[in-house]
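Lettered A, B, C, D and E in written order, each chain numbered from 1.
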Amino acid sequence: MSTAAATLRPRRVRLALAALAAVLLVVAPLILPAFANQTLVRIGVYAVAVLGLNIVMGYTGQVNLGQIFFVGLGAYVTAYGVNHGWNILLVFAAACAIAGVVGLLVALAAARLGGLAIAMVTIALPIVGVPLAKRLSEFTGGSQGISARFTDAPDWSGLANDQWQFYIVLIVTAGAFLLARSLVRGKYGRAFAAVRENEAVAASMGISPYRTKVLAFTIASIFGGASGFLYLAAVQYTSPETLSFGHSISLLAAMVIGGAGSIAGSLLGGAYYVFVPQLTNAIDPNLTTVSQGAILLAVLFLLPGGLVSLPRAVRRLTRRAAPRRSTAQTAPGTSPQTAPAHRPVPDAAPEGHEQTERQDGP
Amino acid sequence: MAASLSLKDVNLHFGGVKVLQDVSFDVEPGVILGLVGPNGAGKTSLFNCISGHYKPSSGSISVDGTEVSGSAPSRLARLGLARTFQHPALQLNATVLQNVLLGAHTRLPGGPMSWALRLPRTVRAEREVRAEALELLGRGGLGWAAELPADELSHGLHKGIELWRALLSRPALLLLDEPAAGLSHGEVEQLIATVRRLRSEQDITIIIVEHHMGLISALTDQVVVLDHGRKLMSGTAADAQSDPRVIEAYIGKDAADDAA
Amino acid sequence: MTLLELKDVTASYGPVQVLDGVSLSVPEGGSVGILGANGAGKTTTLRSISGTVRTGGTIRFDGRDIRGLRSDQVAALGIAHVPEGRGTLGQLSVRENLLVGAYLRRDRKAIETDIDYCLDLFPQLQDRVGSRAAALSGGEQQMLAVGRAFMAKPKLLLLDEASLGLAPGTAKTVYQAIRRLRLESGIAMLVVEQNANLAFSLVDTATVLETGRNVLTGTSAKLKGMDEIRRAYLGG
Amino acid sequence: MGTFIQLVVDGLATGSIYAALALAIVLVNQATGLINFAQGGLAVLSAYIAYVFVQLGLPLILAILIAVVLSFVLGALVERFLVRRFERGDPDTAVVVTIGLLTLVTGISAVLWGYNNLAFPSLFPLTSVEILGAVVSVRSLATAVTIVVIMVILQLLFLRTKLGLALRAVADNPASAAFSGLPVGRLLMVGWGLAATLGAIAGVLVAPQLTLTPGMLDTALVYALAAVILGGLNSPIGCVVAAAAIGVLENLVAVYIPLIGHDLKIAVPFALIFVILIVRPQGLFGRKVVVRV
Amino acid sequence: RGDSGGQGGGSASSPGITDSAITLGITTPLSGATAGPGKCTVAGVSAYFGAVNAAGGVKFGDGKTRTVNIKSYDDAYDPQKSLANFQQMVSDNVFAATAGLGTPTNRAFRDAAISQKVPQVLVMTGDPLFSDRKQSPWQLGFVPIYQNEGAAFGKLLAKSGAQHKVAILSQNDDYGKGYVAGFKDAIKGASNISVVGEQTYEATDTSVDAQLTQLASSGADVFFNAMSITPLTIAALQKAQQIGWKPSWFLPSNTSSPTAILEPGGGAAYPGVYSVSFAKAPQSPAFAKDPDVVKFLDELKKYGNYPDMPAFPHCMWSYMVGATLEQAFKNMKEPTRDSFMTALRDIKDLKAPLMLEGTSVDTTVDGQPAVSSVVVQKYNGKGYATAENFG
């Protein structure tokens, strides 16, 4: 096998897999039963919220207990816009933008605080958000909430509502995930990680911790707003309960369970958020709290890195058998003119070095 | 372009502790300056003042004639300053390559939107710095480690990674805090060669804090000795090593013999 | 009599095996050095003794098999480890750090005397007893780490680059103090030290590690005489 | 004026509920470096345990003592068999583990005792006394006194005892602490055990007022967290003062600033916390964590 | 268009009903803060139909005898989850959703229920929307709308003729607002009644001491307390005594349990504690031997998996929901949802078990839930007695 083919193969395979996944996603709603579609739709809603949370918390390390507030805000803006007859694209833009602007304002203040102090400000968002939503009843419908329907399938489409909703959610979710994925892979991903690890070091690399935090927080809020838009697309109703603090905690748990600092993990986190209540309802609706706690702990106990680390964990188990020797000397890539370490003792030349078997990237 | 640095009456206090007192000296572009002194003399703190991590209580620091004291570290980095840390500060769970790439932050164009949309220029820039980082690592004999998580490398190698990370930013002024700590004699020789080559290939000003007097003698054009936060003397490495005050305060009688 | 004996010790971090059969022994009251390039496995060897890495082979201390013990159990047997890097408790004051070092001791009066001894040894720490360790300079932290190990009054001292970041004069003083400790109280030690001049001033024998195994062992004098050793570790 | 004083007194009484939980959170944080969301849930479980023994006919004080001891064991076991696995890993994961623990413990309480509000007997009589024209129930007064006593004990524990020093050392740097022979695992168990004990005391103190339900302390948890961060994560005194301040301030704002009212009063302590944290990131009484590069 | 796979109510038999069984679904909070009442809603219906099934089942209007199966789902009072549960019900082939507790949770799937033509009936919310036939064709509320309860007390007070100053403390949501609106409407013309203080609290609050202190200073002699949180109600009763404020007290139907609330709160200390109700309180000594109550408690234990004395009235209410549903089943001519709705909307003067004298189920009035009549009761130190007059 030539080296060229070897490097091309995984890429081609990956492209093919991506294409296959895309086709499956497009075809799936036409085949699946309504309930499956509705479930997938809800997964999309929460995956986007978790994705945002992941950016600010998983990647940038800023504890955020207020993500649900932005979901709720996006949902309210969407409801308001829809009920006032705005164009749907405008509604979407407004949901993202208003959540983003509020997020930016909060972040401009909150990012001055480090560590847990930021957690405090973010806790306040849903805690204050609920009574505020009740207070502003002209916009929010008060504690009775507000309904808005805009995702009924148009007749020309020939689709059922759940299918139509699926496509709306798919477009937004896919867009959000692709954007986030590119963002965290390059310059900004490294900046987020650097701020998370050590702000002083990040700063000495030319990364302003403050701005980076504000950026991450704002992105998270925008994704929160987008998720709120999707929430309304799926649920068609929102009320102060949507933004209750408990859900924020659940989002946080979903993020860690999916995999903190992982894009794919956000999707898994969204799935976890939606599936576990269904599962625990199926087990016994009277025991949902116990079973949810037990499932959460069990998953983390087995996979402390989250669901996304499952393949890695499996690989590690299967690899145990093959120990490797130190890589220091003759691993590939060492340039010949500078040996990595001295070899002071001539009469004990090391022999039998094996090549490292770590493959790059996932 | 190598940068010049000028310190004037820099003072730094933490509560009652006077860490730096009236420190003044100038560094011409392209010079390698050694900063030595006993433990706790304030060398790292002085680095922190220059790089913006500490704000001097008073005094002025200017880079290329621009007053920078009190500026944020990130701003100084954008002005071309890079540094390493006395205690290696790497992202241990990221790969060595990712760690080094962090150094390229200021060189990469485009805002978050451009990167999220993968605009061609960002893709191109990323490919370029990646190649450059790999080349640097290869040159440092760390090519094999590029895709390993940093925590799988031994302590001594971390110092090297920090150096490559700082260099990837193509600095005009480079601050190295004890780069030879934890290196064996042979490894120090290599480091000396690396820094020499760096200077010959790149227009750069370097300040080195080091307790390894051999390295200081071999590399520096000029030496500043700090003691208890004050400048004790400045001159060449040879001047310093023969100055009785320096021997008294820093090198110690027997140690001076050993180092010779 | 041998105090510590390592025989064919292997060690691994997760799936990565980095020690590949290291053997050495430290006699009672003896002092043994470990030399080797970056990544040779020096630190890992010390870690395998104090139980912070998964190991195979035999490790005997004081006639007891100590392989697989936790690090606090190892410490309780009388082994103090000055780890590589920051070995201090950052948010505790200098004094508290020293007190923690004496955790296993009950002799309160003697503890106070020993604290004074440490502060005498490291005058830089004296006016900073109330400061938190994280605020200290790199070298000061290193002094504190060494002081913490002293406070334990161990039978065996594991020193991992104890001179790291110390000014030449200070390093000298510290090594003198260690030497004195050995003479006065018969502490045995296993020393990892990149500054071979310092190392040879302290150890009777040394072993050279390379990619996780011993490649050479001998007395200080013999090693000092070898060309390769001179080139790699001593200069000149 | 009478109303004003009464409002202050009422606020202090509410504040002491938050303070009780906050102290337990501070204790776990000092001993393990973790923020424990399950603290409230565990405290409720302890209160239920005491309830069971009361139902069995034991005198209240004995039931409470048994619950306190059992809670210590429970806390230690939780550390050993659950939290231990996550202690050296990502702190976010550890926090989520405590969230999972909260869910599990709440669920267990619900399964065993249901969601009905159970009346929990009070150690102190329901009578009240007058102070400065304000009526104070003996129960609130006793609760407040108990909390102050616990606060002092905690402060002494951490700053004056060898155990306190060891607990802090382990939380700071477990690997380094172990090199000095500190039995890290056992100390962490002790830390959790003590925090659970404290939680148990908090639980039985407030249960008579809130009545026992599995979610009895859910709201208080948020306030307790706020108090801990405002007062300083490493300061028992700070968190008690902060909890009291939050309770009082809320009341005064709600009554005297009608625009804010009782619905939005909760925003005020948060706004205050925010302002204070900007000036003092380590909290009112907290010690700054020193980090150097 | 409806959802793919979702069938509307056609003339063929609807999903969820066979010749031998019918399946009903309940989505209600079974965990979290409102789980107490939530569990009751499941227990009551299950108890009722458990007994009916044990006796052979219900003879439907189409002549077939069917057993009634109940499937319950936990929504934790989260609207999103109640919608998900509804969708699950549709996929589980549930004939109708019933008895679920909560305004937002019921509202969340109201649209979906309408568009899929799935009945969502006899729900436990006092939100009037569910009883508006035009807007909610597939819905029907069960419990009196909150306004009715507030109004009943207001009327009694206005009728008393004496001068009264009223202080109001209400929950800051549609529950509290409904009560207060009904009450204020009823006292509108009455010159003898003045409202002297009005405060709200959040359902999540741990204490309402400040509100009580504030209201006590208003000098009111009547306290209208629209509160649905058990521990807060107890604490409020205790607190007012402590600060020496002893007004006549009004409590809503779901927080007026003599054993769970008034006894621990010391309700006997007040000149009068009033509540409204349409259900017999099993805890009340007056009803201890009542055959309805005895049978109910027995069935609740046996079929409802609820061994305790109910602490929330929702147990009784949902038991009555069972009786109302049975009545509708008996009258429905076809095994379809359409036919069921028709039958359900045609019940008049049904004396469901446990109903108090003077109240009945009437589903024929547009804008009103199945039960709209309540009687005001006064606490007598042990249980309740119907109050004709205030004072």
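We adopt the following convention: a residue touches a chain if its C-beta (ideal position, glycine included) is under 8 Å from a C-beta of that chain, and two chains touch if they have at least 3 such contacts.
Treat the numbers as computed from the prediction; the structure is a model and nothing was measured.
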item	value
Chain whose Cα centroid lies at the greatest distance from that of chain B	E
Between B-D and C-D, the pair joined by more C-beta contacts	C-D
Far-end chain from chain C, centres as C-alpha averages	E
Distance between the centres, which are taken as Cα means, of chain E and chain A, whole angstrom	40
Chain B and chain C: spacing of chain centres that average the CA atoms, whole Å	29
Chain centre separation in whole Å, for chain C relative to chain A (CA means)	45
Distance between chain centroids, defined by C-alpha means - chain B, chain E (Å)	73
Residue numbers of chain A (touch at least two other chains)	131, 134, 198, 200-201, 204, 246, 288-289, 328, 340-342, 344
Two or more partner chains touched - positions in chain C	16, 37-40, 135, 231-233
Residue numbers of chain E (touch at least two other chains)	31-32, 39, 172, 202
Touching residues (chain side chain B, partner chain D) in the complex	48, 53, 85, 89
Partner chain A, residues of chain B touching it in the complex	51-53, 72-78, 82-83, 85, 89, 91, 94, 98, 101-106, 108, 110, 112, 115-118, 122, 126, 138-148, 165, 169, 184, 186-187, 190
Interfacial residue positions of chain D with respect to chain A in the complex	35, 37, 82, 85-86, 89-90, 92-93, 95-97, 99-108, 110-111, 214, 218, 222, 225-226, 229-230, 233, 263-264, 266-267, 270, 273-274, 277-278, 281, 291, 293
Chain D - residues contacting chain E, complex	2-3, 6-7, 10-11, 13-14, 17, 107, 110, 114-117, 119, 126, 128, 135, 137, 209-211, 213, 215-216, 218-220, 223, 250-251, 254-255, 261-263, 266
Chain D residues touching chain C - in the complex, by the definition given at the top	162, 165-166, 168-169, 172-173, 175-185, 287, 289-292
